[in-house]
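One chain, chain A, appears in both complexes that follow, with chain B as partner in the first and chain C in the second.
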Partner chain A sequence: MKKWFLGAAASVALSLSGGVASAEVFKVGLIADFTGAFATWGMQFQQAIEAYQSANGKTVKGPDGKEHEIQFVYRDNASQGPDKTKQLAEELVLREKVKMLAGFDLSPHAMAVADIANQAKMPVVIMNAATASITRGSPYYVRVSMTIPQHVVPLAQWAWGNGIKKVFMITSDYAPGHDAALYFSKTFKALGGEIVGAEKSPIQETNYSVYMEKVLQAKPDALYMFQPAGSPSVALVKAYSERGLKTAGIKLLGTGETQEIFLPQFNDDVIGTVTAFHYTETNTNPGNTALKAQLKKMFGEKAGPDIASVAAWDGTDLIHRSVAALGPNAEGLKYLDFLKNAKLDSPRGPAVIDPVERDIVQNIYIRRVEKRDGKLVNIDIATVPMVKDPWKIDNPPKSN
Partner chain B sequence: MTKPSSTTTLAPAALAPISKLWATVGHVLPWAIAIGFFFVAEGSLSIGTQIMIWILFALSLDLILGYAGIVTLGHAAFFGVGAYAAGLFSIHFSPDPLIGHIFAIVVSGLLGLVTGALILHTTGVTFLMLTLATVSLIFEFGNQTRWLTGGDDGLQGMRVDPIFGMFEFNIFGQTAYVYALVVLFIWFLFSWRLMHSPFGRSLDGIRQNSRRMRAIGTPVWWRLLAIYGISAAMAGSAGALLAHSTRFVGLSSLSLLTSGIVTVMLILGGTRKLYGAFIGAAIYYLVQDSTAKINPHFWEFIVGGMLIITVLFLEGGLMDLGRIGRRLISRFRQRSDLP
Partner chain C sequence: MSLGFALTILLDGISYGMVLFIISVGLTITMGLMRLVNLAHGSFAMIGGYIAGYLTQGGTNFYVALLVAAIIPGILGGLAEVTVFRPLYRKAELSQVLLTIGIVFVSTAAVTVIFGAFPYPVVFPEYLTKPVDIGFRTYPAYRLFLIAVGGVVAIVLWYLIENSLYGAKLRAAVDNPRMARAVGMNVNVLFTGTFMVGCALAGLGGAMGAGIMSLEPSYALKYVVLFLVVVIVGGEGSFKGSFVAAMSLGIIDTVGKYFFSQAAPYLLYVAVFILLLWRPQGLMPAKSVA
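After this line comes the complex of A and B, so read on.
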């Protein structure tokens, strides 16, 4: 068995060394979950990358005038922990000789490769992993997704500006939920608003009746939820309607719970929910039209885009552009320098990479769930332009 | 899972006795492969390190599940606590890996003794439920105490000094590999000695018939508690290896899934043989890793299929393949002995 493995390893190594020598291939290692509970992330990353490359070509012309192929090597984190991520990243760097790493659906996975990025001087394009502090972990990190406070702060501001004075919060009991609760209440209180109640719900909660009774007693103007997409948020909206909160005029606020890929799971109770997010599927940016058309063409009518697709599309765009500008063999930090201040014509709308934090600065859209042509969709009702991650404003980088 | 009375550890008489030479080869082979791998597998030592960590973890489970017959799904508690103990020690006290490792062993061993003392008076399904409760409680504790563990984001800021001030942990993973290999070897010798001691034999007896063992004067509860604590310490040692080689600890090390994976590995390889953990963990990890490279969506199917086949046809796990081979050879010999 071992012998077989070594044989296979040797043949892989041989074929690789042959491949690298003969063609100008720029390899990017993409690590994400392709199986298990988070499998949609990997699938959407891969689909969007393939869609981008099919629309824009796999090769870019470098500064030397030669065509360089950008090739993605996909690895499954397989529902295992950051130790697996690290092992995969080391192999991608040492064996596959990738020049960049990308992907990372979960924050611990992204954080675990900081050491490798620093030692191998390897740019890392983070396509999801939303914990605010991540990009401080290594100067080689650049993030094209979002942070939790980036959504929550504009939402709290919008609520205050639209006559909501008292809010009740139900947030999921894990790190992102804690961040969301912290930033919502902080922002809302600073404006003069009142948090009349705050509950933490277990991460897989599906019975919200008791919470709703508490909300009713507290008589808020709005209920703010931060729940995992899928069954918990569906159950919350159901309880919200069944327990009479909707008829009592209590507004429902949220962030990513009502993305279009999840909306078919809800019934019409969800109509009127206001959420703040960085990507609305119904927007008519040229990038968004291209992404949606390409996904539909390649993966069928049901392949709807979501934040994973958008981030992978933009990440691929940045990778292509940096190879076009610097060629395939530049030093890691040169790529990072190039990406600082890079403007993105993203499917989500305009966005730019913060030159200091290497994190994305983007519009946040306030949307309302409505029914159009018999289908539940998000409709933009306000835009908060160019929001920088509030956590980074609160925690300025230490000068050294 | 296993039929308690029919499978004893003594080799049935029908089998050809293993000659000393073959036994020696069998003992040397895994370690020779491990040492050889170090020299040929440049650039993928990391996978070897991971495999050895899982082997150690599976080995620790074998002591209680295989030998003592304690069926648990909470073993990740000790693995994860060991990892967090090593990680926190490096952040708050000293980045020296060896002291941190010993600290992790002590912490997880003590946790094993405390939780074991609380729940080992039960057996069977009740015990299984209590182990589930233990691991869930500890997982939730890790999730809630964000100031300490980083919660769902994982433990950040670990620094690990070079071993003996000389061997640095780096991307090539040589230090981590040798470190894991040495630790695994020490634990293996320890387990081997332990399981062939009167203490180990008494555990075997307890698994087969605990009432009878009590009747002949064995302090059953104390023996079980002792092996539970030892096994927890070993799992914690595996966790410390994980923390030091990854320089990051995630909440997943405490999850129920981790308990499940290590159980699958052990059953795949074969319980009660020590080397079963080696085969099971290595096969699981290599098959998963290589099939996932061909197609990321595919590996669960292959691993699942392997597990079904093993459980259905190989009662003693993949280690049984050796026994079947020996039986075939002896049958062949008998036939050729005929005039």
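After this line comes the complex of A and C, so read on.
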């Protein structure tokens, strides 16, 4: 009896493995920060990838009719510099024999793998790294996240279209903050608006009282902030309310500061803040509902999606679809042709990859912070459809 | 620039200075009294802040939370003094710096594990988050609260140090520790008690000041330079010096931000640099140091 059972089990196992043996494992190397200051990014990427694969399966049927497994190999950049990224990428390509690279929360990390991607003819799916110029760095880059000007330009346009004539800017003194200030003022002035003051605050600033005094004296219709999420943006909103700017009717505008994962750090002063962003957590797209439900099911009530989750979900979707279309052994450029012409049915809403720039073109949502059922959330109040990165429009690719 | 506006800047500077004072005064006494370079002082302020944040988020009364935020770091400080710091007093400065910076890293990691990497808010009572009318303008009630509490703490400390027996012993031990021991004072008890008070004040300052210096795991490291600057500018061991130094730094920083915002991050340090060239022992050094 026992023998018979074992034999049967073995034959079942054999036949199963026989069925899978001809299929292949398609490895994707994912590089992100899982420890250190930027550890949240890695965690959010990984949770969303696991959520996607749990909801849609780890395998896809290739053109050969066989099931191929997509396997993510995670490497921790440990919030260190781009030299570490290079090492990790080399190890993934040479030893793990990955077929694609993905992840990259910080721009310098994404830029660091251009040579490796070119030499190994390896597609790189960038899931955050928002510096506008990055996708020009290698023909193997495809980006599914966003750029800063993509948010800022629609925000300035919305402000002008909604009766705001004078704006004061407080932007953080680092490269993305400079981009934000440049694109906001350029767009707003071109429409006829006036920038009545512009201040750069140190990146770790938490004491905004003095800046608010300057804003009060300049009497703008709105205050535009570009501040790192966390203590700087929380402190700015607090000072904005405390110094009476809110009661004086000065509107507060921003971009990524009010993402839902950050809202619990604010108090009710933040209600009414208008931001422009490519993903609103409360939207009811089927993809978003699926993503949220899957994250909660797998990682508990506290797990919430953010832009990292959305980009990782979409990136994983693209990788799965490219293997389904081309099988596990196509050339790098073939995958790239597929990726750069893809349409995305993203949790954020509709989006496409621009085939020329290999960068995402997507809706930008204008949202207002409100309180629903005792919880601070963003509610969409307008949509700017299919925004292409304005930096790329200003800096057209050199024809050669 | 109107007078009202100058007053506003002054109030901003003073309220900031009060927080610096409450947190740093403990450090100045321990550095003067025990000759201990305690880089971990900011950790006690951070612990106080997180305790207040945890309690107020759970609905505890704000003032009760402040009290607990002072008491627990005080007790922790007492324990740490007996177990960790006491063996350090006779060691070289490098050992002191290494061990206390190690405590900073441990506290940072512990806070990240327990409370997460994001900033952690202290929930202030509704009336403290609103602006109030002070005659010539509306001004944040929170800042006035800081000035009031800071003022009370300064007066109480001044009275204790200048007029009580404890204060007399403290001054004697700071000015001449050998002589103090020789006349039979129990300097160990004095050290522990003073260390506890210093840490309790740091905890109180960390909790109260969370609206200006926001709580995050890097708090202990981020602000320790400021606390040390207050001590050095004021003069080690000098209570009055640390008050004057904290006020001056608060005002210089605020004025600097207003008029030279691009240079503000450096302006404070330039001012300290010049001041220390002029008076290397600080503004009002204790007698033993001068």
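What we mean here is this: the second predicted complex is superposed on the first by the 377 of 400 C-alpha atoms of A that agree within 3 Å, B and C clash if a C-alpha of one lies under 4 Å from a C-alpha of the other, contacts with A are read in each partner's own complex, and residues count from 1 in each chain.
Everything that follows uses one rule, which is that contacts are C-beta pairs under 8 Å (C-beta built on N, C-alpha and C of every residue); 3 or more make two chains touch, one makes a residue touch a chain.
Computed from a predicted model, the values in this text were never measured in an experiment.
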Inquiry  = For the combined arrangement obtained by superposing on chain A, do chain B and chain C clash, or do they fit?
reply    = fit
Ask   = Counting only touches as set out at the top, which of chain B and chain C does A:243 meet: first, second, both, neither?
value = second
Task = Considering only the touch criterion stated at the top, classify A:74 as touching first (chain B), second (chain C), both, or neither.
result = first
Ask   = Hey, is it chain B or chain C that touches more of chain A?
value = B
Task = Have a look at where A:40 lands relative to chain B and chain C in the superposition and call it first, second, both or neither.
result = second
Ask   = Now for A:269: first (chain B), second (chain C), both, or neither, which partner does it touch?
value = second
Message = Touch test for A:84: chain B only (first), chain C only (second), both, or neither?
response = first
Task = Go through the superposed model and pick first if A:284 touches only chain B, second if only chain C, both, or neither.
result = neither
Note = For chain B against chain C after superposition, the smallest C-alpha distance in Å amounts to 5
Request  = Jot down the residues of chain A that show up as touching in both complexes, chain B in one and chain C in the other.
outcome  = 39
Sites on chain A touched by chain B in the complex = 1-2, 5-6, 8-10, 13, 34-35, 39, 42, 74-76, 78-84, 86-87, 90-91, 93-95, 107-109, 111-112, 115-116, 119-120, 131, 133, 137, 173-176, 178
Task = Going by the contact rule at the top, pick out the chain C residues touching chain A in the complex.
result = 5, 8-9, 12, 16, 117-121, 123, 129-131, 138, 140, 142-143, 211-214, 216, 222, 254, 257-258, 261-262, 264-265
Request  = Spell out the residues on chain B that touch chain A in their complex, using ranges where they run on.
outcome  = 33, 37, 40-44, 46-47, 49-50, 53, 143-144, 146, 150-154, 156, 170-173, 242, 245-253, 257-258, 261, 282-283, 286, 288, 290, 292-293, 296-297, 299-300
Task = Under the touch definition given earlier, write down the residues of chain A that touch chain C in their complex.
result = 37, 39-40, 199-202, 204, 206-207, 209-211, 213-214, 217, 230-231, 234-235, 238, 241-244, 247, 262, 265-267, 269
